[in-house]
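So, here come the structures, one by one.
Each of the next two complexes has chain A plus one more chain, namely chain B in the first and chain C in the second.
Now for the complex of A and B:
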C-alpha cells in the first residue's frame, strides 16, 4: 500500500552538469561527506560537478534565527545563483537541507512574484554588479544518489546485511524537516512517505524501520540550539525520537541533513553522560551516519577518510556487522600518518 | 488604527502565510514547540487574524513568538494552506523593528547577532569549526574537542581545505567575496538589523 503512494510522488532530478554548493554545517562537522559525494559523482558516476571556490553561506541559519532580513537572504541567494550562471550551469545542488529549503523557498517566491525578482536583481546589481538566472533544477545531493542508487549498487563491495545473521540491517532514516515539509512535492516521497533515504537503504540490502516518531523534528530549532539556555528543546526532541525508535533495535540511523546527523549523534552522548542511558542494548549508542558515509562505506572507501571517527557514537560494531575491514591504528592519526594524542573517553558512553 | 496589522501585511510573506485559519488546531497537534513550551500556533493565527491591535501588540511583547523552532511541520499539515512558521517570522521581524521584543528576546537576539551574525559577515560561514568553541559546547563531547585541537593535522584526511585558497571544505573565503556579502547587507537592510541587535544588549 505504502509503496503505491511512494511511487506516485517522484521529482525531476537533473542527469548531469551540477553546480555544488557546500553546507556550513556539513563542512564543519562532516567535511569527509562532501568529499565523498564529489568523489562518487566524479569517479563512480562520471558526472560533471562544479565545486566553486567563490561560494559562501546561504545565511539560512541566520534567516531562521531572525537576524537576517528576507531581502538580504534573497540577494545572497541571488549572488550564489550568479556564480552558477557565470560558470555556465543550470542545476543547483545545495549540500544542506536548510539551504535546500532556502533555495527552494526563495526561488518559489521569485517565480510567484516577478516584481520581487526584479527588485532582487536590482539589489544584486547595485551591490555587486552581478546578474543571475534561476536554476532549471534544484536537487539535494541525496536526490542524486537516490537517482543513481542502482548504478552505484553495481559498484558496491558491501551490502546493508548483517553478515552474522544473513538478515538485512535495520535502519532508521531521517530526512530532515526542511527537505520536504516546506515544499512536499520537492522531496522524493513528499513529507509523509519519505523515500529518498529509504530508497537507498532498500536498494542496498537494508530494511527501513517505520517507527512512530519517524517524521518528528530532530530538535535543532535554530535559535533554540544556538542559545545555550534553550538547548533543552533540542535534546528533548531528539530524545522523543530515540525513545520511539528504541524498541525496533536499529543497527544505525542515516540522515539527510548535516544538522540532524550531528544532533542525533551528540544528544545520544549527552543523554548517556547525564542519565547513563543509551538506546542500544550494549551501551555504545546507535551510530548516526550521513547518507554519503553510508554510500562510501558500501563502496569500500576507508572509514577514517570518510570521517566516521568524528562522530561521538562510534561505528566499529556496525562495520563489523557489515564486514568492513578497517585499521584501528589509523583512526585518530593525522593526515600524514602522524601519531596524535587520542580523544578523551566519555564516562558512560562506551567507545 | 490597524497600524501593527498593516505592518504585518506589508511583509512579502504575510499573504501566503495567513489565508484563513479555521482554528482546527492541527498545527498545534504536530508542533514540537507546543509540546515543550507554553506555545500554541493555532492561538497565534487566531490572534493575528482577529486584527485586534492590543492583542497583537501583547503578542509581539510576549515570549510566545520566540518559542517556534522553525521546523515547518505546520506548513505540511495545515488543511487551509496557512504557514504559522512564516507568520512567526513576520511577527518576530515586526517585534524587532518596533522595539517591542521583550528583554529576554532582546538579549538572546543580541547573542545570535554576536555569533552567527558576525560569522556570516566576518568569515562568510554561518558555522565554522573555529567558532564552535568546546568550552561553550560541552554537548559536542571529547571527540569534537580533539578535532578542534588537531584540526590542521586531521582535516586534510577528509579532503578538507582548512584555511586554504581555492575550492574545498573550510577554505578561507576571499576578502572580495566577503566585501560583496557586506555590500549586499548594506543595500538590503541586513546591516540595519545587525546594528540594532548588536546595540541592544
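Now for the complex of A and C:
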C-alpha cells in the first residue's frame, strides 16, 4: 500500500467556537495584536471566540527557566482548561507559541499517563474545587489565520506588493521553535517544512525568502536571555540570522511567536547601538511584524491602532511601499484621546 | 555615543571536528572517567567563586577541552581556586577538583 506521506504534514484545525487564551508578554510588547486577532475572528470571519476575563499565565517562561515545577504547571494548565470547560468550549486557542508548546506538552503527558491526569484532577480539585476536560482541538491563532487565509484575502484592501516596482515584497518568515520543534506533528508542515506563515505570505502576494539560517532560533532561549551574563549569547543568535538574511534585502520580517517578534525587533536596536550596524541599506532596520499586524495592515486597519508605533524598528517605509495611508500626527495619540510624549530617538538606528 | 548594556555580543565559532586533536580528552577520560557524565548544565559556572572576581567560565573551558581547542586553557584553569563549590552543586555528582587538576597537568605535559 502506498503511504501518503504528505498527510503527516497536515493538521486538524477546528472550524468555529474557539476558547482564546491571551499571552503574558504579547499584551505588553504588541498590545494591538491580540485585539486585532479577535477583531478579525469576529468581524471578518464571523466566528465565535471566547475572550475569558478570568484567565492567567500558563507558567511557560517560569517552567522553561526551571523556576516553576512541572506539577504546578500541570495544575495551572488544568485550571485554564477548567475555564474552557465551564464556558462550554472544546477548541483551545493559546495566543502565545510558548503557551501552545506548554498546552501540547501537558496534554500529551496526560494522554500517555492516565494516572498523572487523575493526580492533576485531584490537585486542581483540592486547590480550587474545579473540574476540567481536555480540549478536542488545540490550534495556534496563526493556524486559524492560515486556515482562513484565502477567505481573508477577498476582504483585503492591500497586497504584499511594492507599489513602486509592482514586484512582490520580499518577506522573512520566522516561526517560534515551540510551534513545531517540540511536537512536529502539531504544526502545519511539521518542523521540516513549516508552512503556516509562508502560506499567508504567498497567498497575500508576497515572496518568501529562503535564507541559510531560516530555521535558526531567534536567540530568546529563556534562560539565555533572562540572565544578563548570557545575553551576549542570545543576541549572537539573532545577529547570525540578520547577517544571513541581509544579502536577500528583506522588506520585513513576520513571526508567530512573542519572543521572536520582541527579540528580532529589539536586538536590531541593541546591535545598532553596540556595533553601529543595521541590516538594511538605509539604516532604519528591518521592520518585524506579528502575523496579526500583517493581516490587519492588509485589511486596512489603522496602523496606530495595530500598535506599530510601539515597535523599535518603525514601519512607515514599509507602509509606503504597500500604499497604506496613515496620519503621522496620530502616531502617539493615547487611548484617552490625548497626544502622549514622543519617545527618545535611538542614537544610531534611524526612525 | 555608545550605550553600555552590561554585556557584549558573543563571537560565533565554527569548529571542524574532523581536524580536532582529541588525544588530551581521551587521556583525561582514562584518568577521570566521570568527566563523561558532565551534561554542560553550567551550574558549576553559576556558583564559581573565582568567576565573581575574574573572567572565568568553567563550562566554557570544559566545552573547549572536549572539542580539542586547547590554546590558552592552561591560563584559564590557573584562575580556579579549587574551592570545590562547583562539586557541591553538580547535579551529576562530579568531583571537579581532580578533573581540573588533571586538566592542568595534561595541558602542561607533551
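By definition in this document, the second predicted complex is superposed on the first by the 341 of 351 C-alpha atoms of A that agree within 3 Å, B and C clash if a C-alpha of one lies under 4 Å from a C-alpha of the other, contacts with A are read in each partner's own complex, and residues count from 1 in each chain.
Quick note on the criterion: a contact is a pair of C-beta atoms (placed from the backbone, for glycine too) under 8 Å apart; a residue touches a chain by one contact, two chains touch by 3 or more.
Just so it is clear, the model here is predicted, and its values are computed rather than measured.
Under the clash rule set out above, the superposition-derived model of chain A with chain B and chain C contains a clash between the two partners. Once chain A of one complex is fitted onto chain A of the other, the partner contacts of A:228 extend to both chain B and chain C.
When chain A is checked against chain B and against chain C, the one touching more of its residues turns out to be B. When the shared chain is aligned, no partner comes close enough to touch A:162: not chain B, not chain C. By the touch criterion defined above, A:274 lies against chain C but remains apart from chain B after alignment on the C-alpha atoms of chain A.
Once the two complexes are overlaid on the shared chain, A:255 sits clear of chain B and of chain C alike. Contacts of A:239 after superposition: chain C is touched, whereas chain B is not reached. Of all the stretches 1-9, 55-63, 127-135 or 163-171 given for chain B, the clashing one with respect to chain C is 55-63. Of the residues of chain A, those at positions 228, 231-233, 235-236, 270 touch chain B in one of the two structures and chain C in the other. Listed in rising order, the residues of chain A touching chain B in the complex are 22, 24-28, 31-32, 34-35, 39, 51-54, 56-57, 59-62, 64-72, 74-76, 79, 101, 109, 113, 116, 123-124, 126-128, 130, 177-178, 180-182, 184, 191-192, 215-217, 219-224, 226-228, 230-233, 235-237, 266-267, 269-270, 304-307, 309-312, 332-336, 338, 340-346. For chain B in complex with chain A, the residues that touch the partner chain are 11-13, 32-33, 36-37, 66, 69-73, 75-76, 89, 92-93, 96, 108-109, 111-113, 115-117, 119-120, 124-129, 132, 136, 139-147, 150, 153-160, 165-171, 173-174, 177-178, 180-181, 183-190, 193-194, 197.
For chain C in complex with chain A, the residues that touch the partner chain are 1-3, 5-12. Chain A makes touch with chain C in their complex at residues 228-229, 231-233, 235-236, 239-240, 270-271, 273-275, 347.
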